[in-house]
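Please go over the structures that come below.
Look at the two complexes coming up: subunit A is in both, with subunit B in one and subunit C in the other.
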Partner chain A sequence: MALPFVYVINNAFKPLDELFIYPPRLFVQNPTLDNFSDMFTVMSESVITFSRYVFNSVFVTAVGTTGMVLITSLAAFVLAKYRFRLEKVLFNIVILSLMFSSQVTAIPNYLTMRDIGWIDSYLAIIVPAFAMPLNLFLMKQFMESMIPDTIIESASIDGAGILDTFFRIAMPMVKPAWLTAIIFSVQNLWNSTGGNFIFSEQFKPLQYALQQILAGGIVRTGVGSAVSVVMMIVPITIFILSQSKVVETMSASGLKE
Partner chain B sequence: MVKTMALGSEKAARRIDIKQILRIELRNWKLYLCLLPFFTIFLVFTVLPVLKAVRYSFTYFNIFQEPQWIGLDNYKNLFLHDDVFVKAIANTFYFAIITGPLGYLISLTLAWVINDFRPVIRSILTVVFYAPSISGQLYLIWTLMFSGDSHGFVNGFLIKSGLINEAIQWLTDPKYMMSVIILVALWMSLGAGFLSFIAGFQGIDRSLYEAGAIDGIKNRYQELWFITLPAIKPQLMFGAVMSITSSFATADIMINLAGFPSTDYAAHTIVTHLQDYGFIRFDMGYACAIATILFLLMVFVNKWVQRLIGKV
Partner chain C sequence: MKLLDNMSLKRKKSIFGYLLLIPFLIGFALFFGLPVIQSLIFSFNNISSEVGKGVVYKSVGFNHYTRLFTSDVEFRERLVSNAVDLYVKVPMIVIYSLFIAVVLNKKFRGRNFAKVIFFLPVIITSGVMLSMESSDYLLHTVQNTISQGNELLETNNAAFIDIKTIFLRMQISEKILQYLMAIIQKFYDIVISSGVTITLLLAALQSISPSVYESAAIEGATAWETFWKITLPLVSPYVFMCAIYAIIDSFTNSSNRVIEYIMDTAYGSSLNYGYASAMTWIYFIVIALFLAVIGGLFARSRVIFYYDI
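Right after this comes the complex of A and B.
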C-alpha cells in the first residue's frame, strides 16, 4: 500500500543520474534538494505569479468551507432535531443524491453557470460547495444520535430560537461532526482544478498549476515527484491531525434501509 | 343524491385537512427558512440538473442554437450506431464489477483486521490505508512506476528478475491498460466507506460477543458472520453506496494513466464518453443522453445492492 509513496518520496530526492539509472532503484543513494529548488524555478516561470494560484486555492477552500459549515450544518440540525412534514422527503432526496456522481449533472451545471454568468468566477466553485450532500448526511446522522431531544425542548421552553439553539447548544456538542465535514470539504476544494468552469489563468487554482508542471512528462520526473510530495502533504496532514474525530463521526454514518 | 352529498362533504373534509396542514406547516416557517439556503443550492446544482439532463437528452443541442426536439434519436444512435459507446459500457461494467465488490471487500477486511491492533498502531495503519484516496492527483507516481521503457520501475524490476525480456507498454497496450487502471483504482478505493467500517467495528457493543459465546458461537468466523456483520449493517450499506457510485464514475484514473482517448478506446468508459461529447464536441443533447443512462445505472445498481445487503 505504501510502496508508491515510498517510491515518489525517494524519487523527489534523487539527483538526475539516479532518476534515469538502469536498472531503476527504489531507494535514493545520494539525496539532494535539487528537485525542490527546480520546482521553484519552474514556478517562477509561470504565466501569472505563482502566489496568485496559491491565493486562488486558499481563497476558494476557505470561503467554500466556511459557508458549507454554516449552511450544511444548519440544514442538518433542523432535519435531525425538529419534526415537520417534508422532513423525510427532503432527507431521502439527499440520500438519493449520494447514489450518483457529479458527472451526471456536469453539462446542465455548465449551462446554468453560463446563463448566470459564473463562468470564470470563484462563485462557480464556491457556491455549489456550500451544499454538500455527503456532509449533510453525516452531520444529520451524528446530530440525531448525539444531541438529546430534552436539551432542545428545554432550550425552546427557555425561549431560545432555532438559531440560538443551533449556535450555542448544538454546534458545541457535535464538534467531531463539523470537523469531519470541514475535512471532506477541504479535500474536495483543495483538490479542485477548476474543471469546466474556470478558463482564465488568473482564476485557476494551485492544483491546476501543479498539474501543468506534471504535464511536462519524463523530463520533469524529479520535479514532478517533488510536486507530488508537496501536493499530498496538505490533505494527509489534516487527516492525521483530525483522525480520531473523523472516526467518531463516521460511527454515525450508517444508512438504514 | 345521498351519495353525492357524502362525496361533497368528503371533499370539504379533505380541503379542511389541507388547510390545516398548511396552517401547521406555516407555523414551522422558521424551520423551512433555516433549510432554505441548503436546499436552494442543492436544488439548483444537484436536483434540477438531473431533470434538465433528462430533458436535453431528447434534443439536438449544440449550445449555440436553441435545442431541437428529436425524440429518442440520441438513445437510438447511442445503442445502435455508436460502437465506441458500446465499448465504453462494456469497459465500465468490467471495471465496476471488479473494483466495486473487490474494493468493498478490501476495505471491509482491512478495517476488520486493524480493529484488533492497539489504538496507536491502528491510527498509523488507518492513515497509511486512507492516504491514497485523499492525496489528489498522484497519478504521476503510477505513470513513473508503469512507464513503458526499461527505466520504469515495474519493467526494470521484472527484466532484472528475468520474468520478462523486453519492456511492456503497460499504459499504451490495450492488453495491459485496464489491469493497471484497476490496480490503481483498488489502491485508491479505501475512502469514506473504509472509515465508516472502522468506526462501525469500534462501536460494536462488547456484550454482544459474550452473549454470542453463551449461545454457542465457536470461532472468529462465526462471530464475524453472526454478530459483527449484522451489527454494522448500516455501515455496510453506506460503504456500498460509496463504492458503487465511485466505481461507475471513475474517469480521472483512465484519463491520467492511459490518456484521452486511450489506445483503441481500451480504457474508454461511460464518463469519458460523456466528456468527449459534452466538452470537446459540444453535442450537449447526446452527452445528456449518456448522463441520463449513467444516472439510471448508478441509482438502479445502488438500490439493487441495498436490497441484497438488506437480505443478508
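Right after this comes the complex of A and C.
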C-alpha cells in the first residue's frame, strides 16, 4: 500500500538517467529538483499560466468545502435533533441517493446544468458539492448520538435560537465529524477534473492540467511523478491538519445528569 | 410579523427548521433528484441522437425490464457474484477498520504518520495517482506479480493446500475455512477500501469523552473490559454507519462488475443508454432492499446505543 507511494515520491526526485535505469530502482540516489522546475517549464508554454490552474483548484476546493460544511451540517442538525413531519422520509431519500450509481446520471446531470446555464462556470462544480449525501449521513449520525437532547433543551431554555444552538453548541461538540467531512470534501473537489461541465481552458482545475502533462507519455515520467506528489500533498496535509486539530471535545465537560 | 406573532413557539421553530433544510434540499433535488427521475424516463425509452433533431426518445415500454429478467444472463450472474463478494468483504472491512482505528487512537510516537499510511488508499485510488498507477511500468509489474501469486495460491500452491488440510484435520468445518481463504485472497481489496471507514471510526473514537475511560480505570476495568463495555457500545452507531458505507461503496464502486457492465452498455459499443438506465434502476432497488434488511436487523437487535431513546 505504501510502496507505490514511496516509489512515486522517489521518482519525483530522480534525475533522467536514474528514471530509465533497468531494472528500476525504488530509492533515488542523486536527488534533484529538476522534475519540479520542469513542471513549470512544461506549463509555461500553455496559454493559461500555471498559477491560474492552481487558483482554480484552490478556489473550487475552498468555496465548495466551506459551503458544504455549512449547508450539509445545518441540514443534518435539523434532521437529527428536531422532530417534524417528513423528517424520516427526507433522510431516507438522501440515504437512498447514495445507492444510485452516479455513472448513469452523467447525461441527465449535464442536461440539468445546461438548462440552468451553468455549463462552463465554477458553479457547475462548486454548487453540487454543497449537498453531499455521504457527509449528511455522517453528520447526522454524529449529531444524533453525540449531542444529548437535554443540552439542546437547556440551550433553548436559556433563550438560544436554532442557529445559536447550532453554532455554539452542536458544531463544537461534533468537531471530529465535520473535520472528517472536510477531508472527504477536499479529497473529492481537489481531484475533480471539471470533466463534463467545464470547457474553457481558464476554468480548468489543476488536476486537469496535470493529466495533460501525464498524457505526454513516457518522457514525462519524472515530471509526472512530481505532479503526483504535488497533487497528493494537499489532501494529505488537510488530513494531518484535521487529525491533529481534534482534541478533547466539549462533550467531556458539557453535561452532568 | 403579525402572522408570526399568532403562531405558537413550536410552530415557529418547525418552520425555521424547514428553512434551514431548504438549501440542502434544493441542491439535492436539482443535482440529484432530477437526474434520477430523468434516468427513470430513459429506462422506458430507446435513446439516440439524430442529426438536426437532438436527442430522440423512442418509447419501448417495459421492454428493457423484461429483457433484463428473461434474456440477460450476464447481468444476473454478475449481480449474484457481487452479493457473494460482499458477504465476505463487508464484515472484514468493518472489523479490520475498527481494529486499526482503535490502535491508531492510542497515543504513541509517529501516530500521525501511521494515520496517513492508512488513509493513503483513499488518495491513491482517486485522481492522478490512479492514472499514474495504470500507466507506470514498475507498478504494473508489481501488481501482475501479486495477482499471479494469488492465482497460484488458488490453484496449485503446495503450502496453501497444506494449510487447508491441516485445518480440516482440526475439525474446522469446510464452510468456515472457505470463508477464511476468501478473506486472505481479498485482503488487498479490504485494505484498500478501509481508508474511509477507518477515518470515520477514528472520528467516532475521538469524540468519546476521556472521563469515561478515566472512571472505568478507577473502577478497575481492564483494557479488554473497557473495549467491550465502553468503546464498542459507544461507537456502535458508527460501526453501523461504516457497515452501510462499506456496502454502498462496494456496490457503487466503478470497479464493481455490475457497474462495469452498466458502463459498458451505456457508453460502450452498443451505446444503449435506455437499457443501462433500466439496469441501474433494478440494481438500485436490489441495493436498497439489501440495506433495508440489514438496517432492520440492526434496529431489531438493539445493539446500537443512543444517548436518548
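Simple rule for what comes next: the second predicted complex is superposed on the first by the 241 of 257 C-alpha atoms of A that agree within 3 Å, B and C clash if a C-alpha of one lies under 4 Å from a C-alpha of the other, contacts with A are read in each partner's own complex, and residues count from 1 in each chain.
As a working rule, contacts are C-beta pairs under 8 Å (C-beta built on N, C-alpha and C of every residue); 3 or more make two chains touch, one makes a residue touch a chain.
Fair warning: this is a prediction, and the values are worked out from it, not measured in the lab.
The superposition on subunit A brings subunit B into a clash with subunit C.
Contacts of A:N56 after superposition on the shared chain: neither subunit B nor subunit C is touched. Within the superposed three-chain model, A:I71 lies in touch with subunit B and with subunit C [touch as defined at top]. By the touch criterion stated above, A:T165 is placed in contact with neither subunit B nor subunit C. Applying the stated contact rule after C-alpha superposition, one finds that A:N196 touches subunit B and leaves subunit C untouched. In the superposition on chain A, contact of A:M232 is made with both subunit B and subunit C.
Within the superposed three-chain model, A:V174 lies in touch with subunit C and out of touch with subunit B [touch as defined at top]. The superposed model places subunit B right into subunit C at 235-243; the other stretches listed in 1-9, 163-171 or 235-243 stay free of clashes.
Subunit A uses residues 1-2, 4-5, 7-8, 24, 71-72, 74-75, 77-79, 82, 84, 90, 94, 96-105, 107-109, 111-112, 127-128, 130-131, 133-134, 136, 161-163, 166, 184, 187, 190-191, 207, 210-211, 214, 221, 224-225, 227-228, 231-232, 235-236, 239-240, 243-244, 246, 248-249, 251-252 to touch subunit B in one structure and subunit C in the other. Of all residues in subunit A, only 1-2, 4-5, 7-8, 11, 20-24, 26, 71-72, 74-75, 77-79, 82, 84-86, 90, 93-94, 96-112, 127-128, 130-131, 133-134, 136, 161-163, 166, 184, 187, 190-191, 193, 196, 207, 210-211, 214, 218, 221, 224-225, 227-228, 231-232, 235-236, 239-240, 243-244, 246-257 touch subunit B in the complex they form. For subunit A in complex with subunit C, the residues that touch the partner chain are 1-5, 7-8, 24, 71-72, 74-75, 77-79, 82, 84, 90, 94-105, 107-109, 111-112, 116, 127-128, 130-131, 133-134, 136-138, 141-142, 144-150, 161-163, 166, 173-177, 179-180, 183-184, 187, 190-191, 207, 210-211, 214, 221, 224-225, 227-228, 231-232, 235-236, 239-240, 243-244, 246, 248-249, 251-252.
Those residues of subunit C that touch subunit A in the shared complex are 13-14, 16-18, 20-21, 23-25, 27-28, 30-36, 38-39, 42, 112, 115-117, 119-124, 126-129, 131-133, 135-139, 142, 191-192, 196, 199-200, 202-204, 206-207, 209-211, 237-238, 241, 244-245, 248, 251-252, 254, 259, 262-263, 266, 273, 276-277, 280, 283-284, 287-288, 291, 305-308. Across the complex, subunit B meets subunit A through its residues 21, 24-25, 28, 30-32, 34-35, 37-39, 41-42, 44-50, 52-53, 56, 63, 123, 126-132, 134-138, 140-142, 144-145, 147, 150-153, 156-157, 159-160, 187, 192, 195-196, 198-200, 202-203, 232-235, 237-238, 241-242, 244-246, 248-249, 251, 271, 274-275, 278-279, 284, 287-288, 291-292, 294-295, 298-299, 302-303, 306, 310.
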